[in-house]
Amino acid sequence: MNSENFSISEKIVSPSYIRQGSQARRSHEQLIRLLLEQGKCPEEGWSESTIELFLNELAVMDSNNFLGNCGVGEREGRVASSLVARRHYRLIHGIGRSGDIAAIQPKATGSSLLNKLTNSVVLDILKLSGVRSVTSCFVVPMATGMSLTLCFLTLRHKRPKGRYIIWPRIDQKSCFKAMITAGFEPVVVENILEGDELRTDMEAVERKVQELGAENILCIHSTTSCFAPRVPDRLEELATMSAKYDIPHVVNNAYGVQSSKCMHLIQQGARVGRIDAFVQSLDKNFMVPVGGAIIAGFNESFIQEISRMYPGRASASPSLDVLITLLTLGASGYRKLLAEQKEMYTYLAQELKRLAAAHGERLLHTPHNPISLAMSLDGLQTQSGKSVTQLGSMLFTRQVSGARVVALGNKQMVSGHMFSGFMSHSEAYPHPYLNAASAVGITRDDVTLCIKRLDKCLKSLRKESSFCVTNAICLYRFTLISYPMSV
Amino acid sequence: MNSENFSISEKIVSPSYIRQGSQARRSHEQLIRLLLEQGKCPEEGWSESTIELFLNELAVMDSNNFLGNCGVGEREGRVASSLVARRHYRLIHGIGRSGDIAAIQPKATGSSLLNKLTNSVVLDILKLSGVRSVTSCFVVPMATGMSLTLCFLTLRHKRPKGRYIIWPRIDQKSCFKAMITAGFEPVVVENILEGDELRTDMEAVERKVQELGAENILCIHSTTSCFAPRVPDRLEELATMSAKYDIPHVVNNAYGVQSSKCMHLIQQGARVGRIDAFVQSLDKNFMVPVGGAIIAGFNESFIQEISRMYPGRASASPSLDVLITLLTLGASGYRKLLAEQKEMYTYLAQELKRLAAAHGERLLHTPHNPISLAMSLDGLQTQSGKSVTQLGSMLFTRQVSGARVVALGNKQMVSGHMFSGFMSHSEAYPHPYLNAASAVGITRDDVTLCIKRLDKCLKSLRKESSFCVTNAICLYRFTLISYPMSV
Amino acid sequence: MNSENFSISEKIVSPSYIRQGSQARRSHEQLIRLLLEQGKCPEEGWSESTIELFLNELAVMDSNNFLGNCGVGEREGRVASSLVARRHYRLIHGIGRSGDIAAIQPKATGSSLLNKLTNSVVLDILKLSGVRSVTSCFVVPMATGMSLTLCFLTLRHKRPKGRYIIWPRIDQKSCFKAMITAGFEPVVVENILEGDELRTDMEAVERKVQELGAENILCIHSTTSCFAPRVPDRLEELATMSAKYDIPHVVNNAYGVQSSKCMHLIQQGARVGRIDAFVQSLDKNFMVPVGGAIIAGFNESFIQEISRMYPGRASASPSLDVLITLLTLGASGYRKLLAEQKEMYTYLAQELKRLAAAHGERLLHTPHNPISLAMSLDGLQTQSGKSVTQLGSMLFTRQVSGARVVALGNKQMVSGHMFSGFMSHSEAYPHPYLNAASAVGITRDDVTLCIKRLDKCLKSLRKESSFCVTNAICLYRFTLISYPMSV
Amino acid sequence: MNSENFSISEKIVSPSYIRQGSQARRSHEQLIRLLLEQGKCPEEGWSESTIELFLNELAVMDSNNFLGNCGVGEREGRVASSLVARRHYRLIHGIGRSGDIAAIQPKATGSSLLNKLTNSVVLDILKLSGVRSVTSCFVVPMATGMSLTLCFLTLRHKRPKGRYIIWPRIDQKSCFKAMITAGFEPVVVENILEGDELRTDMEAVERKVQELGAENILCIHSTTSCFAPRVPDRLEELATMSAKYDIPHVVNNAYGVQSSKCMHLIQQGARVGRIDAFVQSLDKNFMVPVGGAIIAGFNESFIQEISRMYPGRASASPSLDVLITLLTLGASGYRKLLAEQKEMYTYLAQELKRLAAAHGERLLHTPHNPISLAMSLDGLQTQSGKSVTQLGSMLFTRQVSGARVVALGNKQMVSGHMFSGFMSHSEAYPHPYLNAASAVGITRDDVTLCIKRLDKCLKSLRKESSFCVTNAICLYRFTLISYPMSV
């Protein structure tokens, strides 16, 4: 209520109480003021009531909520279902304009503010998480893969001769398809084995660059977050090479914001060499629904070019989710989540190690990977060819989600390219293994339950192979057929 | 509740009442059964309670809502904010898999069902709206423009030599950028003036095809819904030419689902010639928030190819919105909206005609455009160069949204291409004019208020030019500067 | 947002757009200002967004939502469940203080405003509905019956010798129990039959007054809304008699606000005689959930005395519901509902008349009852003793709710008093009958469906009695046992 | 979804996933089954999604949500505002019937189940909290005071000669008014001072009983929870005396459920003597909005008699709130809250002691009061008559809510009875003091902040009295006038 309405209220309820109520309101306004002024994630999280007050205020500024508006356009923010209107806080106009996904919409001042603030708050969080020199970013309502595609498409206009993308292998379909969809030819560089870890083969990368000719290479496409035993790419060296050969460098940082190691790699890469853009998922880093990504970089005008490549207005839903979430958590809340991720990583590693020992396996030594862990499954491989995949479906039916088993010798064709040893990031990794990850938001219960169920499954599989195949197991095998491995 | 729980309840509340309650539940289940069985939009809309019951049921099937789930993956559908969880009905996993936006997710059975059903219900509505022979479609959480880009990127793999896109001119930035972003060269074909209407110049199109060589042309990119005095492209003839020269044909049907004329053109085009895909906006046709589109076509495998081009999982938010909306409206509700759109078109036309006459202008005769109308502003053009644009900003400050004024002689560079007479779809349209559209969801009040305010503005502008420039008007001019024309 | 925050926003989004957004906000504030200033139901209903904005503003003023509050009392508005907090818009402190349900709470300025405004808006609606001279009222979160009890308890302090309450018979349990619970002795005055109507026997009332002695009578307790063939009491005459003998007069106006006739009776009664208080239900008149009533009267200090009798704070939930509802409807919306009630009454009467004729029955002639209608069931009575009640259970299983069948000869003991002919308001009404009511909110579909199903039931009952008792019918009889008649 | 719908879904999404989804649903059903079967608070709290699923299931069983219902009654659960419908989960029919607030409604099976389950779950929690032998209870949507009134009104019918209520003094208005409103004469028995504590004067009670005659006494009305330095009444002795003289005994246990001491007193009282009913607030014990109470007892038929005294249907809102809350918390969650209350009590006591010492005051020694504490304010009393009350308003403006200052010598007339030393439960308590309570839900921050602010206020008051009265202080005095003491 404005001051006039507070004055009138003093005639209804005693002035001293109204004064206190109006003061209380001011303390919410004060939080909003700080956000508008600084464009940063507030240190302490906001209460739900401040957040909803703020979102209502934004909605009121959009023309579809004007009390006296009449609309004679083809896109007026009309909503047929009140369920839908409510779940979007009546912010209907999306973000951006036909020319630029980061642009301001005259019809939707509130949504425009939302968009600007989200990008600004997210930038602040990227800095806080370790990429201190990032200068620009924007949220885009597309998957990480499609966002990478958008980056590649933008680069095409700057490098008309670029046909190839140099890509240290990582066995995840969407980043591979991101290049295919954009119309480029991925040049897969196999990783090299160092101890248990799979790491970037820098020599092979340089060889490819020289072989194909720098000007024919659209960019280098590197990766931070990945499943063990692969570890983040050698970003500093790749960035240095990018600078040396004047080749753009795009980093797939899918779920790397949650890890100070991944963020540090990017920060260092940009300091010593060249990183044009780095792309990260919203859902995996900020615990929001699937569907958004952040495209960030160190050169504001290049990031803006990318934002101008998105033709049309876009869904504000992922922006709204991440803004609500970051305002709820506050910077301190997010830091706390990151600290817990680290703590749980240590706990998970220790428990897996213990379990592996008990079953004659071992936790692969992959200290460069700050999120994902792998435990060998050599025992299952020797006993029966199917036991490894069977373990996967057993875990699935026992509601252990996200655990991923990798057998030896998979081959898979992805968009015309044959991957040997698919899922293992390597043509011939020496062990079959199981992955488990300590990602942001994981709880102690998740780890404990997973270890317990995994233990039971391993015992049951060993018993089975010693004695006979029971009916129950046949069932697992059956469900296996319909259970794809690349969950 | 299941039958066991109903039985137990009979010990608490009288059996005959519980029986009636359980019957009542069955009638909701029955509606859900029909939807699952037929995959069609229900004839009568569902109540909010049925819809929410259904969405809760879907959510319960997603692993993030399993009561005993433990997650050790990097993407587990965790949500930090309960505000966010609630607004998505706890459906967090998005849609699709890394390989295919239409694929089923093992971790998210409920979300997968949602996705499949939405695509199926939307297909039903496309048929109902006039494209009876459409065979396949999917909802994609991207703007119409970006969805067109995805179509073009898919075609690249089928037509590696295709460099050009033949495009009968329409002055709307995102469809132009859709081609640029995809990395192709738009070949702009100017429209021809027939009476007041701007129509496809078929001869010019054929000339271009022959000049560039069919194999070098990626596709023809035509448009249905557009601002008057441009009218929908001659789809039958373009489709026939596509077939004749074996060139793919993609139709931008942005807000054409709401118009039986536009849909009929597509149906006819596909019948007599070739249409590979047609793309439409969710928000403009179904009164949902901005951010989604439908990619549809007549060849299931091609549409599937497009869906497989999207790298990564995607936001389920636009799918959820359109499903809720269509279940709320029912087929009969949607048909009613379409009927009202037609009725309001007639009303708007009649009122604009009356107003135009009163101000010495006329309603341009554009019978082929079923949504948008244009009224000449010749009087303003002659009096003062600025009056036309001034009218735009006056309407903006008076909360008339969507009315669009087009002055003569605009030039604008869009992604490196210079458009003369920008906004008018023509290098030299003979009149400045004002657009108003009768789009789905428009009300009688919208029309009446718009006409009233427009009348006042026109009177005030005439008075101004006759007498003197008042302070108030200076203010309008001032705001004008910050008010871009292409709202 | 306050003006400071708008100013800051101008640095983020263009000033002219922010100005428009801030203007839009002012139009909501303006509506709130009018409400605060006038305390009247707005003529036009508010949008959901204005309502929620307003409720959020109120909540912010309550101490449980103060950002810096620390609570060390025993009642601090803490909420354990966020589901609960949200559904009450975080207004947790209820209404009133230990001394007075209408009093202001220092800890809860927002809730206090809500309470005051609700009472004020409701008073306005009572005037609008016909009791123009009402001066005071308050919403109490209790049933109509319990609210009547509170009135009687208040009167006790003014009339210590009062033991009896004169009560023209109406067969509805709670108003009878209201007197018993308050500790008084109801003096039941039988109605007299005029045509088909049951009306107040004024002579009998006066006889009782003289017999018992005015000073021993706590009050006269009359009724407006009731089931036909009883009609509203002769309020003018009762009020006149109250004045003459100086006996308080309390009117049970349960669902009478929706009827201009009932309201007119109260207005007239107060004008020519004495009415101390009239009590009405919230749910039946305003389409809100069950649980609240309005106690109103013409003497502000007496109504205040009643409000001071409620010991303790009370639930704000019914007040919140009725305020939201009246702000949503607006005065015009409520008037429209009243007009529809009248229209549906006529429609229902006509359809019942037609149906009755077809089945050899007749619509009882009860023109003084503006809501409830009765159709004779003489045919069923003669054929079989059970057919009348059987019809009730048949309608119940066919989801016709609210239709009420009244057989001849029921006897029932209520709180120690034996009622002959119970449910018919009369010891010996000449016909069994069926009641149907056209209450506020009824739709044409309700009437049409009811008539259709009723027709089927009547046909089926006739067939049954002609031929034989089928199994299906046995089932109805069985359910009948557990189906009480006084739904 | 029922099994049929799951089967159909298997044609849309792979059968093994659907099976898992359907299993997941069963685990929610299983929780609901346990609740229905046992009628107990679940040990572990439910997730929001289980709760909402359950509430939706209940709503579906109410006739207002039947898809094919037609209503022709005067009370059909119609709702005009969708905001209102949603906030009540579409449970509109309230609880109870005209004859009995605990009865089942034929029209509202879901609401009836809700009502029965709530009463059953609440009964379980009363047992868990210490009154193990309680046999019956019901939730009533009225304040504790009004609920006491209902108990007294019920007793009137059993003890027609009862005129007096024996009441050990407690200075809280609503419990006093509860007796007045019911029409009885409270017989105030002054407390006796034992150390710092004010305790029941058993001799005075017995004297009164003998003086007035047991048959003229309606009941003894005792109190557990209260502000220090008063402590809970000697329930065992009062109960024994009730039994001895055959006088009913009603206990005001307002916020005593949260304290094992208060609950133990009731349990013991009932074991050794007579307690007819004990009444407790919902909001103060269960952290729900103000407005409900629980009436409980050891004799099922007497509790049922009370429930049958409520004339009319009643609001389900308080029942819904407490059910949601207890399902959310689970028994373990509630026990945890109780443990925290105890812990915070110790912390608050220790901090107040420290603070008191620093200011030359002391924490009054009141070990029998498990919730409320009192710190002397002797220093403020001697320096200036107004300092004590001034402290109250200073705390108010500093957002310390619930702290209560009690000066010496207040006199107040309540409903015709003059209380000397009002607010101190005693005609001449030797110290002015400040109360602070550690009630359920209090946090460590509440205590810390309160102590800090209190410290500042005390310092500022001392400084003021030493030097001079500043303007700021005048302001406090001014606000004081409008700030009533009995917050």
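Letters A, B, C and D mark the chains as written, and numbering starts fresh at 1 in each.
The definition used in the following text is that contacts are C-beta pairs under 8 Å (C-beta built on N, C-alpha and C of every residue); 3 or more make two chains touch, one makes a residue touch a chain.
Just so you know, these numbers come straight off a predicted model, no measurement behind them.
Engineer: Where the contacts of subunit C and subunit D overlap, which chains show up?
Structural biologist: Per touch definition, common to subunit C and subunit D: A, B.
Engineer: Between A-B and A-C, which chain pair is linked by more C-beta pairs in contact?
Structural biologist: A-B
Engineer: Centre-to-centre on C-alpha atoms, which chain is most distant from subunit B?
Structural biologist: Most remote chain from subunit B, centroid-wise, comes out as D.
Engineer: Hey, how far is the Cα centre of subunit A from the one of subunit D, in Å?
Structural biologist: A distance of 48 Å separates the two centres.
Engineer: Starting from the mean Cα coordinates of subunit A and subunit B, work out the distance between those two points in Å.
Structural biologist: Their C-alpha centroids are separated by 29 Å.
Engineer: Let me have the rounded angstrom distance from the C-alpha centre of subunit A over to the C-alpha centre of subunit C, please.
Structural biologist: Inter-chain centre distance comes to 56 Å.
Engineer: Out of subunit B, which residues touch more than one other chain, so two or more?
Structural biologist: Residues 14, 17, 20, 48, 52, 63, 66, 68, 82, 106, 396, 399, 483.
Engineer: Quick check on the complex: what are the subunit A residues that touch subunit C?
Structural biologist: The touching residues are 1-2, 4-5, 8-9, 12-14, 17-18, 20-22, 24-29, 31-33, 36-37, 39, 47-50, 52-53, 56-57, 59-63, 65-68, 82, 85-86, 90, 104, 106, 109-110, 112-113, 116-117.
Engineer: If you look only at subunit A, which of its residues touch subunit D in the complex?
Structural biologist: So the residues of subunit A in touch with subunit D come to 14-17, 20, 82, 396-397, 399, 479, 482-483.
Engineer: Which residues, counting only subunit C, touch subunit D once they are in their complex?
Structural biologist: 48, 51-52, 63, 66, 68-84, 87-88, 91-95, 97-99, 106-107, 141-146, 148-150, 153, 156-157, 172-178, 180-183, 225, 227, 254-255, 281, 283-284, 286-292, 309-318, 321, 324-325, 328-329, 337, 348, 371-372, 396, 399-404, 414, 436-442, 445-450, 453, 483-484, 486-487
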